[in-house]
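What follows is a set of structures to go through.
Okay, so chain A shows up in both of these, paired with chain B first and chain C after.
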Partner chain A sequence: MRDTSFAPGRILIYLIVSLIAAAYLVPIIVVVLNSLRTSEEIAQTSMIGWPQRWAWSNYGIAWADFCVAQTCAGIRPYMLNSALVTIPATIISTLLGAVAGYAVSLWRFPGDRWIYGIVTLGLFLPQQMRLLPWTIVLRDVGLINTLSGLVMIHTIQGLSFTTLFCRNYYVAIPQELIRAARVDGAGFYRIFWRIVLPLSPPILIVTVIWQFTHIWNEFLYGVTFTTGQQQPVTAALIALTAAVADIPQYGVQSAAVMIAALPTLLVYVFGGRYFVRGLTAGAVK
Partner chain B sequence: MAALTIRDVYKRFHSVEVLKGIDLEMDSGDFTVLVGPSGCGKSTLLNIIAGLERQSSGNIEIGGRIVDNIAPRDRDIAMVFQSYALYPSMTVRQNITFGMECRNVPRVQRDEAVGRVAKLLQIEALLDRKPGQLSGGQRQRVAMGRALVRDPLLFLFDEPLSNLDAQLRAEMRIEIKLLHQRLGSTIVYVTHDQIEAMTLATRIAVMRQGVVQQFADPETVYNRPANLFVARFMGAPPMNTLAARLEATRGRTVAVIGYGEAAIRFPVPPEAEGWNGRDVVLGIRPECIAEPTRHFSDLPGAVTTIVASVEMVEPTGAETIVVLRLGDERALGRVSPDVRHRLSETAQFAVDTRKISLFDPASGDRIT
Partner chain C sequence: MTHAVPAAVQLSRQGTLSALRRLPEYLTIWVPLLLSAGHLVSFALWTIWVSFTPSTLLPVSGWVGLRNYTSVMATRNWTIAFDNLLLFGSGFVLLSLLIGLVLAILLDQRIRGENVLRSIFLYPMAVSFVVTGTVWSWLLNPGLGIQKLVNGLGWTAFRFDWLIDRDMAIWTIVIAAVWQSSGFAMALFLAGLRSVDADLVKAAQIDGAGPIRLYRRVILPTLWPITVTVVVIQLQFAITTFDLVRALTGGGPGIATLLPALVVYDFMFQRGLLARGAAAAVLMLLTLLAVLLPYAAWQYAQRRKAARA
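Moving on, here comes the complex of A and B:
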């Protein structure tokens, strides 16, 4: 059934939707265009404009040559930092969240509700509130200004979300399945590995995408707990824009922003479909 | 040897008492059916036997060994679940061998066991499929296969047929019965279908609200129900239970239904004598009320002929159910389909009085 009539109400809806889409898209378009214009051109004309000459070299400079703080290696090392933080933190927090979600949804143990409640409480604490405690923890374990420190923070904080999502997915798995496996002689981890995990790809894709984009885009912890060569790319971008030069390097900076956004954009383009599907999927057909 | 002993088992969920002192003993080779209305605690009891749930008090003994502190996997049991609980991501073969895999049984032995069970249940062609690709009946078979492959001391079945349509259920019922006769296994089988209970069981435990009402062989449960609950629960259509009073007439005890001219009298066993002059509930199965030409028995006094008006007839094909008026009460009879009654007409019926049960109206317990 498809309504092909153009009722006034429908036109209005399309109009509103288009406006909202434009509001989201314009800044991205401006950045994309500027990443392909020379800085001189931007300085002489305006911030918004069609490239007169395609300045592809902006990308090369942003990637490998541009000076951030005192070093002139582009954003490449910071991209690597971000990858070294995001990939392990995403994998570890997803796996731990899956095990924790499995434990609180399919196994009854004393205090299970409390543990689940406390873990998910983390979702509701503002980030700023957690800064000081993390500072103390990082100092005490000696991980200040290290990538491992950031991995630890993102893993632990990610658990609130990954546990919540996996738990809500796993409660749809029938208890009888677990009981049958227990009678068959399987223990906690064997049941997880052989029965629950094979049912999990939809929700694991969701948590991986979510964790990856959030950790990659995270800024506050990166800028607070790391300096110089240890910073993730989000923090380094700020240093980059703060670099004082004769003429503002808007073209190169825009290219740097585009490069920094590329991983999450790719994840969205290739994984977005699975993300939506996974959110609405049930564990057992 | 007692294969399973349940001793004074109580189960509370928070403050709700779900099982209230269950005592049952089953011999090796018994097919025991736990039957009762929804929510009476059948699954809870089965889960306690399996060790999946812990009783609040009491003991479970399997094969002469107290298993209260033994994990399900070490109780030497196999279980079939209502939802079949097949592992969705595994093939039928892997489903069947998962238990052996967990117990580190060598591959050769596993393959041999799968072959044997697949042949027994005729699922050889399905072994490499996933549960999602099977029909309801096939899934049921695989679930059975998963239990049968283990050769345990005790099989536990929790409503294994309730998700099948009527025809398939009847077929599987016969197969399960044949399997039991062939293998001689000890089975505890939960159902709320009293036909399954009657056809499969060697012993039936009728439960209600966490209490066993009667534990006996099917014939006893059917013909000599321990109380009104069992009388009404077992049998379809259920036993007629009619208000009556006992009187002594010419030195014999009779049950009287109705008053004056229309009163109907049935002879009752002499053991009921003590209730003379008192109200009772008279129970009689519909099949004990039939057309007057029906030959129930040659014994003198076994059959009483009554006159009653017909309120309704329900032809089912094989027989016709008639609704009769007896005094102030309604009763069902089962007559031959050749007999055609008209509504509201008065007709004669033969009643097999040997199978009359009498109950105490206050407690509902059986008198004789």
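Moving on, here comes the complex of A and C:
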């Protein structure tokens, strides 16, 4: 079965694989085509079709003019919100996770196994168990309905993943290396900067990609803790769909969906290898 | 004794000094870890506590025993949500396992363009559930998507209206979820297939095993551990599904596609019944534990077996 001398069977294999691949591509092709069709055209025919007249203006309207919940500034402010939440939360949680992963795997300290064990429980505790407590914390620190509040949540929650990823990578670094450096008088930070960090780029890329896609795509916290102009783009997309239920503008909506999906799709296109590595690393918890 | 005291003081002062010097280090180590661990433990305990109180709009203390649990489980929303979870969970897990396995086996036949195909099967994972749900809500909308297209082509009797059919609507969520994450099952299975012992395969081939026998008897049995992992991860996803339903059906038509996570949200933020929402969240956690604890025990046993061997 694993050799190449199985001609009729092989044609069948290519046929099946191509058919399934085509089915997987249908949604994105449909949305891309729709984002370039006028709403009248879509209403007359169906969601699935080739543009008769290329409506490039859909993207401009979706970006800057479209009305979501009484504000007509397009999807731009919400994209900006998502970026302002995702970028800081990704960077901070990755850096803290790298240090924490280094501390529990190489530096070692009393109680490290315990605390690490509890931190990794964060991979399993459903968001629903944290919704009410976060509401109270956000209210008490005055960050309800702010982007900083979301940054805080995603940073603290992301630590479970970033610490796990980095820790699992760092345990492969020989302990002797660290011991020798300590004998030479190197401290916690120096060992991190000089030994651990230079070895880290592969895992840091995986961690950054994982955090970026997850925070960008997150919806529940965004919709619960922010309203109106403060919402991230996932929550705004739902609001948009609800807002235009009476007079649907599928062309513009498709363009908005494409814009909202673009950052993570680009990350996938340019960092696919690391993206998959993150998926499988997250799977083997 | 009189001599020993100053020495001890000096020692402890040195100890305090070095501890002070190492303070930033302790802070860097402990603050993030304690924030993470502390929020997990305290948030979980707090939500469990609230689920036993009579809280409504605001959390209040008091003890009502299991009353919130019994009343949540008696609501129609919860029973429908839980039935849906069973349907959705089994349908979604079985289908994505099957498709993932078939794709992995096909891609493992040294075919051309494997990288491109793999990327196609995995790209949905990069997209948010909100986007997935929105797009599939268009495709599956009978007045807009696939049905309208086929009707327009002349086959006017064609019906594909699960999205507005109370009995079938839950399967639209299955379709979208399978589209989004069967590639993930494929990726794990493919990694498993690639690590099958080549000698084992060769020996079976020499013994005259045909391709089907080879897969059934030799290759597939080695995929057991990966299958269990995939099932557990997909179940974890199924139990906590929220965004996908919000974007695809909004829980409708009516309440036909409610899932537990939507019921929790409804209790907490739409009806202002915090204690019941918390009880529903704890029920979700228990469902999750019913999957995760056996898995953890199984993994522990596997590890011990491997250590002994």
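Keep this in mind: the second predicted complex is superposed on the first by the 248 of 285 C-alpha atoms of A that agree within 3 Å, B and C clash if a C-alpha of one lies under 4 Å from a C-alpha of the other, contacts with A are read in each partner's own complex, and residues count from 1 in each chain.
Assume contacts are C-beta pairs under 8 Å (C-beta built on N, C-alpha and C of every residue); 3 or more make two chains touch, one makes a residue touch a chain.
In this text the structure is predicted, and so the values were computed from the model without any measurement.
Trainee: Have a look at chain B and chain C on chain A after the superposition and call it: clash or fit.
Mentor: Overlaying the two complexes on chain A (C-alpha atoms) leaves chain C and chain B fitting together cleanly.
Trainee: Put down the vertex angle at chain A formed with chain B and chain C, C-alpha centres only, nearest 10°.
Mentor: 80
Trainee: Looking at the overlay, what does A:185 touch: chain B (first), chain C (second), both, or neither?
Mentor: Touch partner of A:185: chain B, not chain C.
Trainee: One more residue to check, A:67. First (chain B), second (chain C), both or neither?
Mentor: neither
Trainee: Look at A:143 in the shared chain and tell me whether it touches chain B only, chain C only, both, or neither; answer first, second, both or neither.
Mentor: Touch partners of A:143: none, neither chain B nor chain C.
Trainee: Applying the document's definition of touching, compare chain B and chain C: which contacts more of chain A?
Mentor: C
Trainee: Just chain B (first), just chain C (second), both, or neither: which does A:83 touch?
Mentor: Neither: A:83 stays clear of chain B and chain C.
Trainee: Does the superposition put A:177 against chain B (first), chain C (second), both, or neither?
Mentor: The first partner, chain B, only.
Trainee: Does chain B (first) or chain C (second) touch A:195, or do both, or does neither?
Mentor: The first partner, chain B, only.
Trainee: After superposing the two complexes on chain A, what is the shortest C-alpha distance between chain B and chain C, in Å?
Mentor: When the complexes share the chain A frame, the smallest chain B-chain C C-alpha distance is 9 Å.
Trainee: Identify the overlap between the chain B-contacting and the chain C-contacting residues of chain A.
Mentor: 284
Trainee: Which residues of chain B touch chain A in their complex?
Mentor: 47, 50, 52, 71-73, 77-79, 81-83, 85, 87-90, 98-99, 102-103, 132, 146
Trainee: Going by the contact rule at the top, pick out the chain A residues touching chain B in the complex.
Mentor: Counting only chain A, the residues touching chain B are 174, 176-177, 179-186, 190, 194-195, 198-199, 284-285.
Trainee: Which residues of chain A touch chain C once you look at their complex with the stated criterion?
Mentor: 1-2, 4, 10, 13-14, 16-17, 20-21, 24-28, 30-31, 34, 42, 45-49, 96-97, 99-100, 103-104, 107, 109, 115-116, 118-119, 121-122, 124-134, 136, 156-157, 159-160, 163, 187-189, 213, 216-220, 224, 234, 237-238, 241, 250, 253, 257, 260-261, 264-265, 267-268, 272, 275-276, 279-280, 283-284
Trainee: Touching chain A in the complex: which residues of chain C?
Mentor: Contact set of chain C toward chain A: 22, 25, 28-29, 32-37, 39-44, 46-47, 50, 59, 99, 102-103, 106-111, 117, 119-132, 134-139, 141, 144-146, 148-149, 152, 179, 183-184, 187-188, 191, 201, 211, 214-215, 229-230, 233, 236, 239-240, 242-243, 246-247, 261, 264-265, 268-269, 274, 277-278, 280-282, 284-285, 288, 292.
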